[in-house]
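What follows is a pair of complexes built around chain A, which joins chain B in one and chain C in the other.
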Partner chain A sequence: MTGRARLGWYCVLVAGPLFVVFGELGFWLNGITPRETFPLDLGVSSLSIASGLVLWRLRPDNRTGALLALSGVLWTIGGIRAYRDPWAFGVGQCFDGSQDLVLAHLLIAYPTGRLGRRSLRVLVTAGYGLFVLGVVKTATMDMPRQFNAFAVWHAPRVHSALGTIGSVGAGVYATTGIAIVGSRWLRAGTTRRRVLGPVLLAALLFAFADAVDQIVLAITGSEPDVVFFPPLVARLVIPLAFLFGLARARLDRVAVGDLVRELDASGAETMQSALARALHDPGLRVGYRLGDRDAFIDSDGRPLALPVDGSDHAVTYVSRNDVQLAAIVHERALLEQPALVEAVSAAVGLALDNERLHAQLRNQLQELRASRTRLVRTADSERRRLERDLHDGAQQRLLALGLALNMLRARVRDDDAVQLLAEAQEELATAVRELRELARGIHPAILSDQGLAAAARTLATRCAVPVEVTANGRRFPPAVETAGYYVIAEALANVIRYSGASRAWIEIGEANGLALIAVGDDGVGGADAGVGTGLAGLADRVGALDGRLVVTSAPGSGTTVRAEIPCA
Partner chain B sequence: MRVVLADDSLLVREGLKRVLAEAGIEVCAEASDAEELVAAVDRTSPDVVIADIRMPPTFSDEGLRAADRITARHPDVAVLVLSQYVDAGYALALLEHDDGARGYLLKERVMHATDLLEALARLERGETVVDRELVDQLLQRSRVASPLGELTERERHVLSLMAEGLTDRGIAARLWLSPKTVETHVRHVLQKLGLPEDHTRNRRVQAVLAYLQG
Partner chain C sequence: MRTTVLIVDDHPSFRRLARRLFEEAGFTVVGEARDGQSALDSARALRPDLVLLDVMLPDISGIELAERLPPEVSVLLVSSRSAEDLAIGSRRFLRKDELTLDRLRAVAGGTG
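Here is the complex of A and B:
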């Protein structure tokens, strides 16, 4: 704050109370304000001015503080009527009720202090027209010039007509203002409701108290001593409501300190929920920048869509060392508290950077896993296609050829030729058999047709070591069965090649949404799950399905290969 | 003998037709998928159906399923399934139904007319047929402390012929033994393996195959 501004503040601090006391005292001394309500009256103007000034200090960018202080000043100006001077009376009379016009303006412009829309500007301008009406009303008062310097036009009927128009107009104006804030509240999200709520409540309280006041007045004629209280008390609440509503954002900044502590204390708490709490926006989402790309991902690594212009959400970008780290998607209303969002962003910058790296890592992991799964699936379907082509193409042709040779042999009479044909048929039979085994190695048809248990039994019958199979016929998803089949085939191949086992066993089961496939033997053990055994490739295949492969092979106690693959 | 042929390969169908024609067997209808096959059987009431195990649309085990449909409608029609697979699982699935004569033969047998014709003849007599290569593979299977070890050479031979689907009389003819002797061997085999004795036709073959598969 500059020296000059500080001087201005001191002046306000000294002059303000003096002015208020001067104005209110006039009321009291001259009996316009009843003794009982004087403290309330004084309270209304001093609270309005004080709250207004505090708000002005806190939120210089927001006009609410200035307008609120003005309303307090206007409330007091009405009081100078009492100083038995025709000019003071005239001025006081003109400003009587003007504070309510400012309050209505405040309400309509709340919480930004700016009217924005053209229709609202027209409405508020029309509202201030009621002030002009008050001036004309003062000029047409039935009162001599020595009491009212403004009494220039003696017109009692015009005066009373203006009085009616003025009070009806003021009523409509105030109701409209409350309706506008009410509808704003209904449409608002959590953050904005926290700001709008107190003011809307105070305005409704005042409207209710005033309505009661008017009704009592209409019924009992005039009993100001009694009926003055409720509206005055309600008036006291209004400046406090504005102050509370807007200062809340400032109070929230205290929560930023808690936020930083929280993030330190619990690693499990996600940045997003901590921010959502600190900024009072449950729908808040945090997006992390993905490398150099112009895309954001959430903490699970999934893409995050940023709100479009004109939606009720907005984005605040968080940067660190000139590098854009993250985007916080929040309610648009939070933009009215730039200081708060800024404080939060600064406080969590480092933590955000960490989480961004994590999210990025998770994203890459996800992509990697997806591409691995795609690769395995592609390879599997290629194998299936190849097997089908061999069976339905080459094999069929060889069979047709065999049939032809068969008939040829029946027709040929030359012994040598018959001999040659027989040899050719033998060769052909061998070729067909080899082709059949080749196709089987590429993809066993029984796996697709009858499932893993049947395919495992066939593997067992072809194994050189006795193999016991324990399985029910339950079917698993094709990818799981294929992976399980290769696990069993590779494990049995290892049993023959390395284990020196005298027997082996296969177990296929299911537990907790996992397909459990195990192959064990009673061999020498000491198998290395790493390179060379083909087990590494199996681990990849099982991993591609989010499963895991465990090899237990202590020297001297056999080898067990166990695969667990999610199958739900 | 009247036969319906089902195979999606025209080449194979033509070749088979000629082989059968030379043996004096009439092919009364042809089909290239299971639907056509069932319709052709309804229409022509053949003695035997020869069907490829793989047919459109999925090229998996349509032949097996068509066999069940045919037996359900025409229990007297024998079905010979030609398969590319030396997998006991398929043969067991085919023999699940006790009604109707069923045969499971490797497709390459069609290149040897005698194998095919013998299978057809046995099916016509109401016997069950299982490809010997499949049986051999099951018998070669190594196992620990199996009752199979207690079988004599002759009994083993009898067992493999039982698995191929031969009746006692068929085994007797094949081994040049008297039916009475074969009956004794069969009873011994079943006792040693712990299999019930009252099995008939498909059921007996299926029980033996399942036992051999383990």
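Here is the complex of A and C:
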């Protein structure tokens, strides 16, 4: 603050209270209103001016503070009409009620202090027209000029008509102002509501108290002493509400220290929720910059889309040592509190950097998992293609050769030649059988054609012990069926090799979006999933599909191999 | 009267040799088809006594196609794969490498 500005503030601090006391003292000295209301009158002036000045100091870019202080000044000027002086009365009478015009302006311009739209500017200009009406009304008062220096035209009817027009106009104007703030509150997000809420509440309170005042006045023809109090008390709340609404961000900045302590205590995984609490924006999201790429990921490592221009949300980028760390996606209204956002961003810089590294790690893990899944799927697809190629190529040619040999054998009469042909046919049959086994090992055709349940039944028929199959025939995605098939094949192979079981069972089902594949036996148990059973490789295959393989094998209680694979 | 046959397989070399084999076994081959839809059309038009039907066709499973053929037509499913690999069940089935004149003559006896 410059020396001149500081001097100005000192003058305000000294002259302000004197001015206020002088303005309100007339009512008290001359007993125009109940003497008990004097502290309230004084409070309205001083609180409005003081709150306005504080706001002006805190938010010099926002006109709300200046307008609020002006309303207090006008209230005080209106008060001097209580002095027994024609000029004081005239001036005070002209300004009586003008503070409400400024308050309505404040409401309409709240919280930025700027009207923005042309329609609002027209509305507020029309509102100030009511002040001119008040001046004319003062001039038409039916009283001698020794009491009212402005009484230049004694016209009681005009005065009365202007009074009615002024009252109705002021009522409509104030109601419109409240409706505009109410509508803003309804459309606003959490952040903006925190600013609008106190003011809207105070305005409604005042409107209610004033309405009661007017009704009593209309019924009784005069205001009983007790009715003075509620509107005055409500007036006291208004400047405090403006101060509270706009100064909340300042209080929030004080709470930034708590945020840092909270993060230190609980770890970086609460970063997003801690920021959401500190900035009072429950929908806040934090995106961490992904290396040098122009992309952001959330704390789980998933891509995070930033809001586009014109949406209800905005982005604040957080940097540390000239390195952009993160993007905080928040309600656009928070842009009106840049100091708060900056304070929070600066406070959490280090924690954000840590969390960014964690998020990058999680992202790499996700990419690794996705890569492993792609590898498994590609390998399965290649196996299917290879099996199909064997079937359509070499196998068909060998079969055709077999048919040709068969027909040739029917035509040959030489016994040696018949013998040779029989041997050739035998060799060919062996080659075809071996090729068939090879193709089956590469990829079982029945799995693609008829699904896991049918393939499981085929495996069961080949098993050396009785195997009961329970399955409903539901088809699963190819990768799931392939993994399930190999789990069953390996588990049944283990039943034969190690279990000493007399029977086994296969269950295939689905629950909660998971394919459930289980193979059990009544053998000796005690199997170790990690050693030599081939199940470790299967666990990797199942894991690549985000599934899990569980082996239960207590000694003497048989073995159960259970795979759970997402299939939704 | 000779038993009439429709041969359905997507491999031309197999169709060609199967035709010769059937003719040598005393059948009359009335037509050939390379996929399920043309097999269905031919079976309805030609009304063969027997359809030699490959299990794995490009557009439809031979097992499924067998259900859609006219009921009076006998079906002999064939494949290069084994019956257990295909879950054939109780249907009449031969592996392709088991197709011999003797077996076809036996089939002809059962079909006529």
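Annotations
Convention: the second predicted complex is superposed on the first by the 415 of 568 C-alpha atoms of A that agree within 3 Å, B and C clash if a C-alpha of one lies under 4 Å from a C-alpha of the other, contacts with A are read in each partner's own complex, and residues count from 1 in each chain.
By our rule, contacts are C-beta pairs under 8 Å (C-beta built on N, C-alpha and C of every residue); 3 or more make two chains touch, one makes a residue touch a chain.
This one's a predicted model, so the numbers in the text were calculated from it and none came from an experiment.
After overlaying the two complexes on the shared chain, residue contacts for A:Val465 are found with chain B alone; chain C is out of touch. By the touch criterion defined above, A:Ala429 reaches both chain B and chain C. In the superposition on chain A, contact of A:Arg397 is made with both chain B and chain C.
In the overlay built on the shared chain, the residue A:Arg320 is in contact with neither chain B nor chain C.
Touched residues of chain A, counted separately for chain B and chain C, are more numerous for B.
Contact with neither chain B nor chain C is seen for A:Arg562 once the two complexes are overlaid on the shared chain. In the superposed model, A:Asn406 lies in contact with both chain B and chain C. With both structures placed on the common chain, the touch criterion links A:Ile446 to chain B and to chain C.
Judged by the document's definition of touching, chain A residues 391-392, 395-397, 399-400, 402-404, 406-407, 410, 428-429, 432, 436, 439-440, 444-446, 449-450, 454, 457-458, 461-462 lie at the interface with chain B and also at the interface with chain C.
Residues 388, 391-392, 395-397, 399-400, 402-407, 410, 425, 428-429, 432-433, 436, 439-440, 444-446, 448-450, 454-455, 457-458, 460-466, 468-469, 502-503 of chain A are the ones touching chain B in the complex. Chain C meets chain A in the complex at residues 11, 13-14, 17-18, 20-21, 24, 56, 61, 80-82, 84-87, 96-97, 99-101.
Residues 8-9, 11-12, 14-16, 18-19, 22, 54, 59-61, 84-90, 93, 107-108, 110-113, 137-138, 141-144, 213-214 of chain B are the ones touching chain A in the complex. Chain contact summary for the complex, chain A toward chain C: residues 391-392, 395-400, 402-404, 406-407, 410, 428-429, 432, 436, 439-440, 444-446, 449-450, 454, 457-458, 461-462.
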